[in-house]
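Shared chain: chain A. Partners: chain B in the first complex, chain C in the second.
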Partner chain A sequence: MKQASLSKDKIKAVAIRYGFLTLLAGLVLFFSLSAPGFATPFSAVFIFQSVAITGILALGVTATLVVDGFDLSIGSIATSSLMLSAYIMVVLEQNAVVAVIACLAMGAIVGLVNGVLIVYMRVPDLLATLGMMFLLIGLQRIPTEGRSIAQGMTLPGGETATGVFSKSFLALGRHKFDFFIENFIPFSVIIFVVIAVLIWLYFEFTRYGRVMYAIGSNERAAGLAGVPVHKYKIIAYMISGVLASVGGILLAARLGRGDIASGNNLLLDSVAAALIGFAVLGAAKPNAFGTAIGALFVGILLQGMTMMNAPYYTQDFVKGAVLVVALVFTFSLSNRR
Partner chain B sequence: MGKVNSSIKLTGLEKSFGSNRVLRGIDLDIPAGEVTILMGANGAGKSTLVKVMCGVHKADSGTIYLAGEEFNPQTPAEAIKAGIVTVHQNINDGVVPDLDVASNLMLDVLANPHSSVFLLPSKIRKSAKQAAERLGLDLDMRAPVHSLSLADKQLVAITRAMAHEPNLLILDEPTSSLSLSETQRLFELLDRLKARGVAILYISHRMSDIKRMADRIVSMRDGEVSGVFEGDDLDYIGAVNAMLGRKIADVDIQIPEVGAPVLELENIQLLPSSKPFSLAAHKNEIIVITGLVGVGKSLLASVLFGREALFKGEISLNGQKYNPKNITDAINEGVFLCAKDRGTNGIIPEFNISHNISLPFLSTLSKFGFIGRGAERGFAKTAIKDLGIICQGEDDNIEELSGGNQQKVMVARWLMKSSKLLILDEPFQGVDIAARRDIGNKLRETAKDRATIVFVTELDEALEIADRIFVMSEHGVVGEHRNMNADADLILAQVLGDQVMDKRMNKNIGISEGAAL
Partner chain C sequence: MKITRRIFTSMVAGVVLAATGIIGSVSAADMPAPFDKPSEVKIALVRYLSTGDFFQAYLAGVESQAKILGVDLRILDSRQDAALQADMVDQAIALGVDGIIVQHGLTESMQEAVKRAIAAGIKVVAFDVDVENPDVPQIEQSDFMLAKMALDQAIIDNGTTFNAGYVYVPGIAPLDRRDVAWKEVKDANPGIKQLAEFGTLDNPIANSVANQARSVLAANPTITVMFAPYDEFAKGVKIAVDEAGMTSQVKIYSADVSTSDISAMREEGSAWAATAATNPAVVGEVSVRVLAMLLAGEDPGHNVVVPPTLITQTMLNDGDIKNMKELSAKIPAFAHADVAVPAWMPLPKR
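Coming up: the complex of A and B.
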């Protein structure tokens, strides 16, 4: 009797640990068999490319989740960064370096403001970042009076914009490196992998990451152990802001224009990826590796469904369903909380 | 409303949580029309007892008799229906802050599924006013409750409770956040209820309150009733004695030679109203500061750890002026504090043992920010061995440990690096006696090169580990004893501070309790 329950516990432990990875493998197998053209390098490239941007944003979400916070403004930071980079190059006629630096600075400043609102003004995190989201959605449209930015566009004053997207900037989103197969690995994927590894190292192996987990678990106790809680919480929002702006830069480089309508799904997709990450390897906490896998999961799912000709409107439904299943994995099966 | 007549009798009440026997057979009478004071130190089982009576917990064995009839509430609603009403320490649990006074008083009518769907505000106000007037209260019915003073909120909560025509009213430290005049209003109300024949169980540590209200005193200790005091001339000292316990510790204290002074407090004053005092803590010395709850122990600990500013006076550490602006300052100066209430202030629930221990000193373990995991494990393994932490290994989650072992981890955390001054605030809270000894021995073993200050409420614990005992009362030090045939009666008298009891009637001591830890 006791042995039976013991092995049952073991099975449950294995299910919690490897359940989601198994599900991912099953998904890949299913699409490979049923969607012709899914298991090809071309489709892999496409998946990687879409995963890169949501993945980078999701890593930022992970940073705020670690300190038990939440950042709703990442989607709008990304689109602001998209518009800002386009504006700087097309309207202000600056080069790629200026555009990238300006975007990163913008992300850091927005993160700083979020952090200060939450830590010092005591605005609840969801509300502070919701407010910031609306603010940015409005702000990014003011300079062009609501129009998208493209090369040769007509400016509000009547004259024509003469700036162009620089080639090196576009390469960030479009260049693909040869890797066994010609034009296989997009530049943006390399950026994503590098960031993912850095964030993973930061949270798993450095004292800064450890302290941030401590804050998320018991802020008061962390403070009494001498942790400068306010500083680290603000840093978490700044990481989130900077990563969101990186996502926006890559999106701008891929699109080659400042399209005000793009990036609508960024927030939900990246939050889903970060939350799915809780279930990977039974971590039951926000973690960089899980988040990357979560982003890959969402990317594969969407690409597979597209290739099976599922209508676009079913995609959100399926994404939501996957998220709910992942959350059940995390919270119910592992008895967390 | 006529006179209610009731009395509550508990016999052989027992309650355990896991292997922890919290109530070990409680026999207790709460007669109608009298105020029974319940006293007990932290962890004595007072709140568990209250929770059993008001239906939150179910007793393992034993019986409750209500007006002679057996009564075992299964839910809080059942207890309320039977007329057992509790006003909790946290007042905001008892009121809805955003509604006005009238709606709060009539909340039970509003929440009743059988009430009519449309309720005229004027009608509600009228019946609410009647309810208040029955208790002789004059409250503005339209005022939103969040705008009221704490005392008025409490009166609203009690008035609402009275609508149930209670047989037994339980008050859990009701005056801990009230000013003197507010307290007086509460007492007047309680007098009226008493006259109506309501049985009142009143939990408090405040001597002035106890002297004003008590008809009987019941002391609890370690889940048992350790003394019942009644009659015209109540034995207050005896009651506190029974609550704190004075089984003279069978630990032999060999007071060692002390080294150089480490911490010197010169005429410091914690509050504008408190008396200045001086104190010096030396190397190789364990000082215990004892006193009742709310006499400034936690405030002093907070000042030394850089969490609160000192009102007046000078503190020096190893001869240098010591004035920490924040916790980081204090830790950098070599002053560590193992905070009380480890659940809220100490443990990181999602961390394992070794991560919990290393938290304050990660920087010393790290190179370029990367944590040296081998060294971290090493510290944890040593701590587990040295303190006898019962666990599978250093990777065990902290929440899987028992209370005593969790506390050992907390102590290990602050022993990881050597300190100039180690402060421990209530380190024996919810810790069994064996773990208590282990922790005490370890403190003694490591005390050589630092000064150690331990804050405890229980005299037993003080006598067990101290070289010198200081008694605090009213945010000042009122006594100093070398722990060698120390006169426990004198210590106790100072803890109670007879002159303090009378002064407290004129002053509100409770203010700083919220400010302290």
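Coming up: the complex of A and C.
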């Protein structure tokens, strides 16, 4: 009798640990058989490229989730960085390096302000970052009076902008490296993978990363153990802000213009990826590896369904269903929480 | 013939009239009432949609036509709040305006508000919102003609037999009207095969559509024509076509135009072959002119359609056109529509 229940527990543990990855493998198999052209190296690269931007944002979401916080402003930080890079190059006629540095600095500053509002002003995280979200959606439109930024655009003053998107900046979103096949792996995919590995190493293997998890599970205990809680929380929001601005830079490099956009879809997709990540390997907590897999999961689903001509609303439906299943895996089947 | 004093006077008068006609500067005295005292004419623009390049340009058109008429223009912007837009019509009535332009909105909320304005003796015109009122001229850019024009060009370029991909999101009024043209063209040409239909309005739209189009191109490598009847869709498709290395194989046909669209169409060997567009600034000007005709007691007709212009990659390259300003300057059909132009109407300078 005892033997039986033990093996039952074991099966459950295995199901929780590998269930989601099995689901992912099954999905890949299904699409490979039913969608012609899905099981090719090019298709794999497409998937990585289509999730690179949301994936990077999702890693930022993960950083704030680790310290038990939340950042609603990442979508608008990304679109602000998109507008800022376009503004710097097209209107101010600066080069790619200036544009990238300015965007990263903007992301860090917004993250710092978010952190200070939450930690020192004691504004609840959802409210502080909600406010920041609206602020940025408005702010990004002020310099151009609501216009999108493109080469040769007419400025509010009536004159024509003479700056251009620099070639090296566009390469961030468009250049492809040779890897067995010529022009194969896009730059943005490499940036995504490198960031994912760095964030994973940081949270799993450095003291600082572990301390952040400690703050997330019990802030007071961590504080009593001598952890500078405030500093770490602010750093988490700064990581989130900087990663969001990286996402915006890649977006600008891919689009080749500054599009006014609220970035709400970016926010929702990346939060979904981070939450799906809870279920990967039965972690039941925010983790970088799970987030990257979560982003890929959504990417594979959308790619496969589009190839099979599924209309856009079924895609939202399926995305939602996956999220619900992942959350059930996390909160109901797993009892480690 | 002996030149009498009477003949001489009339000749002078004729020359003067002709001269004013040529220069085109109509002084206030030449305009019918109430525009003989234009600064006392108050009109209001009640907007539902305002963010984005299209609406910015529309507003610029309204402003320039109002300025050349010399009327007092008030702008009320409800920022996509349907209830507020209806309240703003009442606000305009209270302000004592002579005419109202309703720009977009919902039939359900605007119908009653417009009735109240008409009852108060105010002239109303509506742009892109059907207020279902025989006294209100409806100004439209013809979405059907936009799509038809782009598709006709696609057939000229590619013949009547090709594999097509189509970008469409149902339920969006202008896209639905453009869809009618696509269906007609497909029915009329059985050689045109639609292999895939996709589309999304997740923003940034171009980025989301690019992701979808990548998948579609991978699944259907025989597609040679992409019909993307909204410029954000076309931008996304172009990114995907370039990324998939299919630039020389696929041609993109779209609707609408902007400065960034122009630079995308003009890239070396760009897949974006043609677009059809109505200049939003011209639509804005026409809106004010139609209202002015109503105020002067003339009949502009119930349906006022602003015709679109076809813009091809070749036209842009030949004219070395880089932005919207140059497009207006070099393609006259785009800069001005001969709609609602009675003889007395002053036109904005180009």
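The rule we apply is simple: the second predicted complex is superposed on the first by the 331 of 337 C-alpha atoms of A that agree within 3 Å, B and C clash if a C-alpha of one lies under 4 Å from a C-alpha of the other, contacts with A are read in each partner's own complex, and residues count from 1 in each chain.
Keep this in mind: a contact is a pair of C-beta atoms (placed from the backbone, for glycine too) under 8 Å apart; a residue touches a chain by one contact, two chains touch by 3 or more.
Quick caveat: nothing in here was measured; it's all calculated off a predicted structure.
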Evaluate whether chain B and chain C can sit on chain A together after superposition, giving fit or clash.
fit
Touch check for A:Arg220: first (chain B), second (chain C), both, or neither?
first
Of the two partner chains, chain B (first) and chain C (second), which one does A:Arg207 touch, if any: first, second, both, or neither?
first
Mind working out whether A:Lys285 is in touch with chain B, chain C, both or neither, as first, second, both or neither?
first
Quick check on the superposed pair: does A:Ser32 touch chain B, chain C, both, or neither? Answer first, second, both or neither.
neither
Would you mind checking which one, chain B or chain C, touches more residues on chain A?
C
If we overlay the two complexes on their shared chain A, which of chain B and chain C does A:Met153 touch? Say first, second, both or neither.
second
Three-chain overlay: angle at chain A's Cα centre between chain B and chain C, nearest 10 degrees, stands at 130
Can A:Ser166 be said to touch chain B (first), chain C (second), both, or neither?
neither
Superposed arrangement (fit on chain A Cα atoms) - minimum chain B/chain C Cα distance in Å:
30
Chain B residues within the chain A interface of the complex:
327-328, 330-331, 337, 339, 344-351, 355, 359-360, 362-363, 365-366, 369-371, 373, 413
Contact set on chain A toward chain C in their complex
35-38, 40, 42-43, 46, 49-50, 53, 79, 82, 141, 145-148, 150-154, 160, 174, 183, 186, 251, 254-257, 259-266, 302-304, 306-309, 311-312, 315
In their shared complex, at which residues does chain A touch chain B?
201, 205-208, 210-211, 213-214, 216-218, 220-228, 285
Complex contact set, residues of chain C against chain A
50-53, 56, 169, 196-200, 202-208, 210-212, 214-216, 218-219, 221, 235, 239, 242-245, 258-260, 262-264, 322-325
